[in-house]
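After this come two complexes, each holding chain A, first together with chain B and then together with chain C.
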Partner chain A sequence: MAEPVLEVHDLKVTFRTENGSVPAVDGIDFAVAPGQTLAIVGESGSGKSVSSSAVMGLLPSNADVTGEVLLDGRELNGLPADELRKIRGNDIAMVFQDALSALNPYYSVGWQVAEAYRLHHDVSKKVARRRAVEMLDKVGIPDATRRADSYPHEFSGGMRQRVVIAMALVNDPRVLIADEPTTALDVTVQAQIMRQLDDVQDEFGTALILISHDLGVVAEVADDVLVMYAGRAAERGTVRDLFFRAAHPYSLGLLGAMPRVDVPPKPRLTTIPGTPPAPGSITTGCPFQPRCAYTHLVGERCVTERPELTPRPGEGDHEAACHLGRRPADA
Partner chain B sequence: MPDELLNLKDVRKYFGLRGVPWQKAQAVRAVDGVNLVVRRGETVGLVGESGSGKSTLARVATRLLDPTQGRVEIGGQDVTKVKGRRLRPIRRRIQMVFQDPQASLNPRQSVATILSTPFRAQGLRPTRAQLVELLEQVGLAEEHLVRYPHEFSGGQRQRIGIARALSVKPDLLVCDEPVSALDVSVQAQVLNLLADLRDELGLSYVLVAHDLAVVRQVADRIAVMYLGTIVEEGPAAKVYESPAHPYTKALLSAVPVPEPGVTRDRIVLTGDVPTPIDPPSGCPFRTRCYKAEDVCATKRPVLEPVAGNSEHRAACYFPEPPPLERTP
Partner chain C sequence: MPDLVWFLIRRLFAALLVMLALSLAVYLIFYAIPADPAHLACGKPCTPDRLEQARHFMQLDQSTLQQYLNFLKGIFAGRTFGDGAAAVHCNAPCFGYSFPLARPVTTLIMDRLPITASIALGAAVLWLLIGVSLGVIAALNRGRLLDRLSVGVALIGVSTPSFLLGLLAILVFGFWLNMVPVNGYIPFTESPVDWAWHLVTPWIVLAILQAASYIRLTRSQMLEELNLDYITTARAKGAGEGRVVLIHGLRGVLVPVITLFGLDLGGLLGGAILTEKVFSMQGLGDLLISAVGQLDVAVVVGVTLFSAFLIILANLVVDIVHGVLDPRVSHG
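Coming up: the complex of A and B.
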């Protein structure tokens, strides 16, 4: 793998609340290289969105973030707000699920994209506007020169998401974090947006962190995958490691639970019993243990000892945090 | 008992838009002429993108909305004009499960109260044993009767919504996006539950969903909606394996498959769904269709058998040819 542009080491996020502190992310590592796509997969409450917000320094003041966030080797965690502001939107940009709330209804979309450019470049309004139109065109907004004067409410959901992507890419960021960018969109529009992101990535060599629960999208666009469960990494590896050599029972369970559109249905979907634990409710042992179908093969260790990521056979740095030392499919 | 549980005949639902006095009144044609039959024991999947009218159709079918035009028959009886109290016996036969269990359960009522409401609406008093049986049917237990919706997870709340719908022993459940708010692992549990209930109780379903993989998992028959009309309808295996309508084909090709390296011949549609206020003339899909010709703008195509199979029908002037049969 090429030299990573963004590296995260032992990231921990704890929220201080009235009911004590809640650990949302409990020590995760990841890295992404230029032009590569890292997918972070997990269900609600797994900490996938919190991790990405922590990278961007976007968490509220009751969040304690520890660990290293290195952009080209430069530590971001703990930077003063004005330093961070120079990086956010310029070197690292983010696209959220809900495009409507990411746009200001009061300004034209062209103005908003131009504003994002002017924040980081000392240029005239005219130059910024030209750049905004160019970006809107690049993300596939037809008739961009004219549509730049339209307001967010005049766009469909898919077009709004394109505007948000244009805004995120206007400063040629090194890293783009996309948090469920197509979840709110119809599947035909999702296909358009994912293709657009792919084209942009090819052109600019942007590193993409895709946060998603949709394993179909992940299989299609990701190079590497990090599977999160209850704030920890359950498994990481290349996309083929995860889909063909899943080493964690949770990853295997997720794959079995996905209905598929391209093959005749199985009589029953494989399910994972129970529901994900509330953050902080499992303090010893493996967080997945209460739902795991393989824990009887291991025994007490699953309850008493927290599994660490250990190397597994695969293409690259395939790792899983499971006491069962082999693939659950072979067990 | 009649074989047809639900029969929709040329159903239309227009929503009036309150305009300004000097402009002509406009209407959103949410459902624009739909015929659909649901027979006993079958699961019909109603798929389409946002704005296709699938949820409106589900609400018209359950008589939560009045159709602007057309006929709704439930169990062979014309119920289009039935109103108020007289709808209650009809509601014993057809019940609805909603998308957001958070919003469809009253947070101030215990599960026992929530589950007994349909009984009371029918003038019945449920016994505790009946309520416990309902909970057990959906994989919950007696201890949950005294709890309130906020004490449950999303998947459990959806189970309560299903239990409530089952309380009056309906023949047909209309489920509007029953799993789209749930995590993947929980979604699979609820889909399996729906399949188990069908086998145990002989239920029929209308399953409204935008997720084509979810629908394929449970449906016997599929109806694909676009801009208020059904553009293709047929047995699930036929529609998924050899879609005849270009829209169905494009829609299916757009679904990503959870297997790296599988490249799909993707038909990427351009543009967005047109507004249902002023739908295109002729075929509603022609503005985005890769096969459209002049004739498509003239008259709306009607559902016609695909390759002579009267079960599989598509509304298109240029349907996709069926795959070649392999000769032995």
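Coming up: the complex of A and C.
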């Protein structure tokens, strides 16, 4: 793998609340290289979005973030607000899930894209606007010169998401974090948006961090995958490692819950029984143990000892955090 | 923009209907009171003969409906009371004639309006500035000392009667410290400096009282606004906190604030009765109160209708401004 542009080591996020501190992310590592796509997958509440907000320094003031966030080797965590501001939107940009609420309803889309450019470039409004129109055109907004004066509510969901992407890419960021960019969209529009992201990634060599729970999308665009469960990494590896050699029962559960066209349909989709644990509620043992179908093969250890990431057979750094040494499928 | 033109036409037409209904209601209410304006006009001793004469002259001997129609007609065509040398003319738009004051109501209102407008507009600018800035400061310092102070000021503001604050201000700044004039009004055209100097105390008093609701509205609205996704987007774009609050946050806050502002200002322009009394300013509020005391029904009806008109106008302006501030609002 090429030299990573963004590296995260032992990232921990704890929220201080009235009921004590709640750990949302409990020590995760990941890295992404230029032109590569890292997918972070997991259920709601697994800490995916909190991790990406922590990288951007966008968490509220009651969040404690520890660990290293390195952009080209430069530590971002703990950087003064003003230094971080210069990096946000310029070196690391973000595409949000719900484009309607992510866009300011009071300003035209052209203004909003131009603003993103002007925040990091000392140019006139005219130049910024020209750049904004160019960007809107590039992400596939028809008649961009005229549409730049329209307001977000005058666009369809897919077009709005394109605007958000244009806004994120207007400064040619090194890293793009896309937080469930297609969840709110129709399936056909989803495909268009993902292709759009893929195209710009190819063109600019952007490193993409895709936060998703849609394994179909992940299989299509990701190079590497990090599976998160309860604020920790359950498994990580290349996309082929995950899809062909999944080593963690949770990953297997996710794969099993995915509808597929290439196998005979089952009357109902398989689900993972139970719900994810509340943050901070599991202190000893494996966080997935209460929902795991393989605990009986391991025994006591799952309840008493927390599994660490250990190497698994695969294409590279395939690792899983499970006491079961074999692949569950073989067990 | 043709959307806006149609919107205006429809709204103005609706406003006209409301005014018409209102004028009838106001007219009936005030002419139903068991007092005879002619009785006051006929002097003492008041012989039945002279009373009848006065009634006829003031056109009070006609039916209530006829009187109302005369009133409406006067608005467009003017009215003439009596005939010959003793005739009294009230030019269009005639909103009635005050016999005790011997002036058309329209003239009376127009004479008093500059005073009330001076008080209201100056105070409005002040309270908008104070209210919005303290509200924003409170929201940004939620739960901290500055927030508590702002909310405290707001609480004192809403719970203090205007005459109390006004009298205190006159006592302290007017008499004890001898800093400002205690009463009187100098027209702007005469001397802008003296105009402002005589108005500064009522402005501040009214502003403190009114700012309270603006502090609370701005604060809660801004807190809500700062939790919205597009605020996070602005931060993610690399906007500094100042820009996030003032460019991205404040815009949404202004929509309800301007709505409240328009209605408050519209209401105040119809006469700040207590403030005018306390500072001895002869504005519309003073005109209205004196008229009530003298059973000068024509003036009461005129001023009431004028106040209602201002509120309807304020509503219209608020709706238009709303459309300018929020592109999602359609006037279609």
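Simple rule for what comes next: the second predicted complex is superposed on the first by the 324 of 331 C-alpha atoms of A that agree within 3 Å, B and C clash if a C-alpha of one lies under 4 Å from a C-alpha of the other, contacts with A are read in each partner's own complex, and residues count from 1 in each chain.
The definition used in the following text is that a residue touches a chain if its C-beta (ideal position, glycine included) is under 8 Å from a C-beta of that chain, and two chains touch if they have at least 3 such contacts.
Bear in mind the structure is a predicted one, so any value in this text is a computation, not a measurement.
Participant: Fit or clash for chain B plus chain C once both are placed on chain A?
Facilitator: In the arrangement built by aligning on chain A, the partners chain C and chain B fit side by side.
Participant: Tell me which touches more residues of chain A here: chain C or chain B.
Facilitator: B
Participant: Looking at the overlay, what does A:F243 touch: chain B (first), chain C (second), both, or neither?
Facilitator: first
Participant: Give one of first, second, both or neither to describe whether A:V8 is in contact with chain B, with chain C, with both, or with none.
Facilitator: neither
Participant: Does the superposition put A:L58 against chain B (first), chain C (second), both, or neither?
Facilitator: second
Participant: By the touch definition at the top of the document, which applies to A:A102: first (chain B), second (chain C), both, or neither?
Facilitator: In the superposition, A:A102 touches chain C alone.
Participant: One more residue to check, A:I272. First (chain B), second (chain C), both or neither?
Facilitator: Touch status of A:I272: first partner only.
Participant: Check the residue A:H213 against both partner chains and state whether it touches chain B (first), chain C (second), both, or neither.
Facilitator: The answer is first: A:H213 touches chain B but not chain C.
Participant: Figure out whether A:L119 sits in contact with chain B (first) or chain C (second), or with both, or with neither.
Facilitator: A:L119 sits against chain C, while chain B stays out of touch.
Participant: Least CA distance chain B-chain C after superposition, rounded to whole Å?
Facilitator: 6
Participant: Which chain A residues contact chain B in one complex and chain C in the other?
Facilitator: The answer is that chain A has no such residue.
Participant: Using the touch rule from the top, collect the residues of chain A that touch chain B in their complex.
Facilitator: 43-44, 142, 156-159, 186-192, 194-195, 213-220, 239-240, 243-244, 253-262, 264-265, 268-273, 275-276
Participant: Contact residues on chain B for chain A in the complex?
Facilitator: On the chain B side, the touching residues are 49-50, 153, 155-156, 183-189, 191-192, 195, 210-214, 216-218, 237, 240, 250-252, 254-262, 264, 266, 268-273.
Participant: Mind pulling up the chain A residues that touch chain C in the complex?
Facilitator: 56, 58, 81-82, 85-90, 93-94, 96, 98, 101-108, 115-116, 119-120, 151, 153, 164, 167
Participant: With touch defined as at the start, can you tell me which chain C residues reach chain A in the complex?
Facilitator: Chain C residues touching chain A: 228-230, 232-241, 248, 251-252, 325-328.
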